[in-house]
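Structures for review follow.
Each of the two complexes below includes subunit A, the first together with subunit B, the second together with subunit C.
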Partner chain A sequence: MNASEPYSAAVGAGITIRNLTVTYHTDRGIFPALKDVSLDIRPQTITGFIGESGSGKTTLAMAIMNAIRTPGLIASGSIYTDGVGDVLKLQGESLRRVHGQHFGFVFQASSNSLNPLKRIGAQLLDLGRSHGIKDPRILLKEARALAERMGMDGDRVLTSYQHELSGGMRQRAGIIFALVLRAKVVILDEPTTALDMLSQQAVLEIIRQIHEERGLTSIIITHDMGVMAEIVQRVVVLYAGRVVEEGPTQDLLQRPRHPYTKGLIDAIPRITGDLAEAKPLAGSPPDLATVPTQGCVFRDRCSLRRPVCDLVEPLAQPAHGDGLVTCHGVNAHD
Partner chain B sequence: MIEVKHLVKTYPARGGILKQKPVQAVKGVSFVLPDAGAVAFIGESGCGKTTIGRILTGLESYDSGEVLYDGVNLTRLPSAERREKLRKVQLIQQDPYAALNPSRTIAKTLMAPLALEAKRQQKSKAWMASRAREVLALVGLNPEVVLPKYPHMLSGGQRQRVVIARALTVEPDVLVADEAVSMIDVSLRLGILSLLLELRNKHGIAILFITHDVAAARYVGQDGRVCVIYQGEVVEEGVTDDLIQSPVHPYSQALLSAVPVLRGLEAPGPDRYIPLGEFQQDEGTACRFAPRCRYAEERCRTEKPRTVPYGNGGHRHRCHFPVARRVVAEPLEVNS
Partner chain C sequence: MREAIRLIKRLIGGALMVLIVATFTFFLVRLMPGNPVQAAYNTLITRGMTPVQAANEVRVMYGFMPHESLWAQYVHYLNQLIHFNLGQSISYEGVSVLHIVLSAAPWTITLVLSGVVASFLLGVTAGVVAAMKRSSGMGSVLTVSGSLLHGIPQFVMALLLAFVFTTLWPIFPFGAPYGGALTPGFNLPFIGSLAFHAVLPVVAYALSSYGGWLLTMKSSVVSVMGDDFVLAAELRGLKPSIRFGYIARNAILPLFTIFALSLGFMFGGSVFIENIFDYNGLGNLLLTSINNRDYPLMTGAFLLITIAVILSNIVADFLYTAVDPRIRRP
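Right, the complex of A and B next:
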């Protein structure tokens, strides 16, 4: 972004991830948090990363921004995004510029990422200064407009400290930070987990509206299939650092191919219909330290387990038209 | 059985110079939790639902009203007898990470209440050990694996099961589950919910389920009742599925509209609506919901609605203009 003309319309960029492996180096050894992930994030689409704790969904989002910190390490792979090139080749000042201007990020529990000692407006000015925005008035005007867009009083938000805002308002303030520099790719990590249902729906609706208005590429990280079904257009299902299924939301919900995806969907308590149809998912979320190094990582919890699953890690095969599934138990042609 | 009548709780004003007003968290709430029954309180943050749970478990006092445990008002009992009664009402809190002492193994965590229980019932150490195994098995954990572990070695779902096992050591009649699954991985939530349902159905433990998650309330509260609470008042209550399918209070309708729709498997209810703005607390209008209500009329701002029945099915509400609306999702037929 050129500092002298900061508010050209943002238009989302696509992201191409190839053979991405991220490892964590700990006392107990080296563990792959992501293993050989290849994935296309489509431009101007809302993509959801879903998985349990430890599935690698946040790691994948951080890797996309080349923001993995020790003890994590990007061991191999490439991540191309339109207008930037291979993000993994960037470092120092050029990487810092990309954060905020190309990638906007909203942390999980936004209340923890705001500075408690500074008013929201002052923090916005810091952000503008660090990205070379020459006219802070334009920045504040943009922030105020975004706040009002989200049903808040713009001046009140900018002159508040974070503790003076409710949970839903803090979450929205976090979204302002992600959007104010007109990022093309906006990544939201569990944007609604701390919120009650009404605030959750309001925040999701706002995310959807701004996504459409600006033609963004948005990524939403969540463990909640309901949030996923409500807002995203394509779902990426992660398990133990692997992409096990990917496809358009409706088709994936109607016809899940991977037994894990099916298990996640069956485990949703529903507001309507027969309660007896809800079935808990067996087993525990994967622990990086105990993920099998050979064969399929999901086999211990799987209903379709076959001898081949113990020996060979399944490869991605086409599913859902232009999506994929990674499982020995499903035949691509049935 | 627990009967609650006109319960009122006010938190005193805090801070000298700021001169904050006292906060009335619970404003005349009445309900009955039958033996082995289920009552769910649903509402958003700050509506007073947690306070009700804390009062029932004896962690919080109340200003006026009555709480009867099997017909007995505990405030008039000597403290030893009161503790004895309250022991039978156990609280399961939201955060299983904070509820367990990180420096104690699960065995130690369970032995503390079991030692008291053994003393009371004059049982041996061997009884304690076998009881610890029994309660862990009851919550679906393998005692041999779990007993020697520390909390950090367990997943959120396993920790919450340990918390429930600890509550079961005293053979409670009532579990008060306050957002008991909201911090647990969604994939594991149903496991905890079905455990609560099983404790209710097989072991006759009544459940007071406090949540903002209506679908979870529906699951645990099968054949039970739901109370929708807004700013300390119950604005609507009824049999679980009846209230969910045809809510008549606009606030219940907003809450139920906010349940995510599983697009592809469900279609949004025809009357669904999502309010977008941030809401101000307590505007001082006669009907407390009037400032947020899309159907409010002049009467709502001047005349306080009273709780009245809707139909004959024990469905009650507090609205001048009740209209049943279909806001929750409806299942779609899917060919797979």
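Right, the complex of A and C next:
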């Protein structure tokens, strides 16, 4: 990538993850938060990471940006992204420039991702200065345009402090920060949590439109199946630090192969039909400390459990056309 | 405009505070065992004054008549106070308290302010380093230095410094605020000598509060570094220097409140430090006035220290509003 020309046309970049293992080092021992993850994120596609708390979806997003913090550690693997190369090999200045120029990260609406003591415009200028933008006016103009694009008064947003904005506006301000440098990959962390239903709809619609307009590669981290069904084109289902299923949204939601994905879908209450039809997933979410080190990590909650699951960790096999599923109980040729 | 109104409100509030403290000291002196006003009157009588002369003399000293009712005395006292008349000193005969107090004030204010500023800058910087490098040896050394120095009382620190640097290694002069042979005024040798003599007392002030700044700043920086916006700044690829500015400015906020409180503490400490280093500041004045039972001087010195503390609180309050937009009212 060329740092002196951050305004080159934004085109989404694909991401190729191979054998990624991330470990957390705690007083109780070393736990793998991601274990041997291999995954392709397709360019110019909205990909959703779904899973329970502790499944590793945020860790995976952080690892893609090579932004794992202590006590976490990227133990092995590679992450190639178009125009950058292996992100995990970057460090120092070159890594810093990739953050913001190649990857845009959008925080949850409930988080305070802006410096409370500075006006948003001033923080945008800090961002520009950090990435060698020579003419701050272009940057501010771009930011103003993005704000208007998302239904906000550009000047008002730029002259506001964080505490003067509502949750939904903060979220959109965060999107401005992620996009203003023309990032090619945008990662959104739980973009709809902490927002009311109407704001959720508005934010999702904005994400979808900007994604299309700019030809971005977008990743949405969520535990909300509704968000998945609505906006995401491909779904990555994570369980205990493993990718258990991946595929195009429609096919994956209609014909889930992995028992965990089935469980997640069955747990959603329908608007039509009895509330009792929603079946909560049996057992408790994965805990890194108690995840079995041998065999399948899901077997204790699984309806398809068989003897081999206790001994051998299942391998990924093709499913959903160009997707994958990781389960002993699923026959790939079904 | 809004700020001006706020300042006026705060100043009125401050004036009320001064009034309350003045009232308090007035009644405190009146309620002290032995009734100092009556005692002064009696002393004058035994010196051979007529009762009228003695009463007038007391009135000049205290600003009220010894035989009036307490309420009348209070009203008289306040009336004098509003006209900046704090009465006359007993120990320095014929000199007005205001004059004595005002000539002592610059010594104290200079020492205390340089001490506070020095310790603030030093402690805050060290606190940031201690927080950033908290897992390294340097961070631990800084933290321990902070805890140790924080535990040493001001007068012990002053005595220790005086002993080490004037007796053990006589590097710094001792016992006067400037060289005796020099003529006070705006000339270089005098100012140089003044600064040189001030090193030890200023260091005494600074070291006694340095630890507090360091420890508070360290914990504040550590907590700010865990905030979302710091991670966000990193993931947006902000330059380390800009990120550092974000952290430092947010972390220093809670210290402004403590800054104001510490000024009061420092003025309190001036009693010891000025005595040890022989400065004729407010602290020393307070001490001699207590020893000499010079009540008008005592109340005067009290009042000035009170005003200084209240004013510095107002200043700190306004500084706080200037740096934190969330405090500003719409």
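Simple rule for what comes next: the second predicted complex is superposed on the first by the 321 of 334 C-alpha atoms of A that agree within 3 Å, B and C clash if a C-alpha of one lies under 4 Å from a C-alpha of the other, contacts with A are read in each partner's own complex, and residues count from 1 in each chain.
Criterion: contacts are C-beta pairs under 8 Å (C-beta built on N, C-alpha and C of every residue); 3 or more make two chains touch, one makes a residue touch a chain.
Keep in mind that what you see is a predicted model, and the values were worked out from it rather than measured.
> With the two complexes overlaid on their shared chain, look at subunit A and say whether subunit B and subunit C clash or fit.
fit
> Kindly classify A:Leu315 by the partners it touches after superposition: subunit B alone (first), subunit C alone (second), both, or neither?
neither
> Counting only touches as set out at the top, which of subunit B and subunit C does A:Ile271 meet: first, second, both, neither?
First partner only.
> Using the superposition on chain A described above, determine whether A:Gln254 touches subunit B (first), subunit C (second), both, or neither.
In the superposed model, A:Gln254 contacts subunit B only, not subunit C.
> First (subunit B), second (subunit C), both or neither: which does A:Pro280 touch?
In the superposition, A:Pro280 touches subunit B alone.
> So which one touches more of the residues on subunit A, subunit B or subunit C?
The partner with more contacted residues on subunit A is B.
> In the superposed arrangement, which partner chain does A:Asn115 touch: subunit B (first), subunit C (second), both, or neither?
Touch status of A:Asn115: second partner only.
> Regarding the shared-chain residue A:Ser53, is it in contact with subunit B (first), subunit C (second), both, or neither?
first
> Minimum Cα separation, subunit B versus subunit C, post-superposition (Å)?
5
> Using the superposition on A, tell me which residues of subunit A are in contact with subunit B and, in the other complex, with subunit C.
Shared contact residues on subunit A (touching subunit B in one complex, subunit C in the other): none at all.
> Would you tell me which residues of subunit A are touching subunit B in their complex?
52-53, 150-152, 166-169, 196-202, 204-206, 223-227, 229-230, 249-255, 263-265, 267-273, 275, 278-281, 284-285
> Where on subunit C is subunit A touching in the complex?
227-229, 231-240, 242, 246, 249-250, 253, 323-326
> Which bits of subunit B are touching subunit A when the two form their complex?
Of all residues in subunit B, those touching subunit A are 44-45, 155-158, 185-191, 193-194, 212-216, 218-219, 222, 244, 254-266, 274-278, 328-331, 334, 336.
> Quick check on the complex: what are the subunit A residues that touch subunit C?
65, 67, 69, 96-101, 103, 105, 107, 111-118, 126-127, 129-131, 161, 163, 174, 177-178
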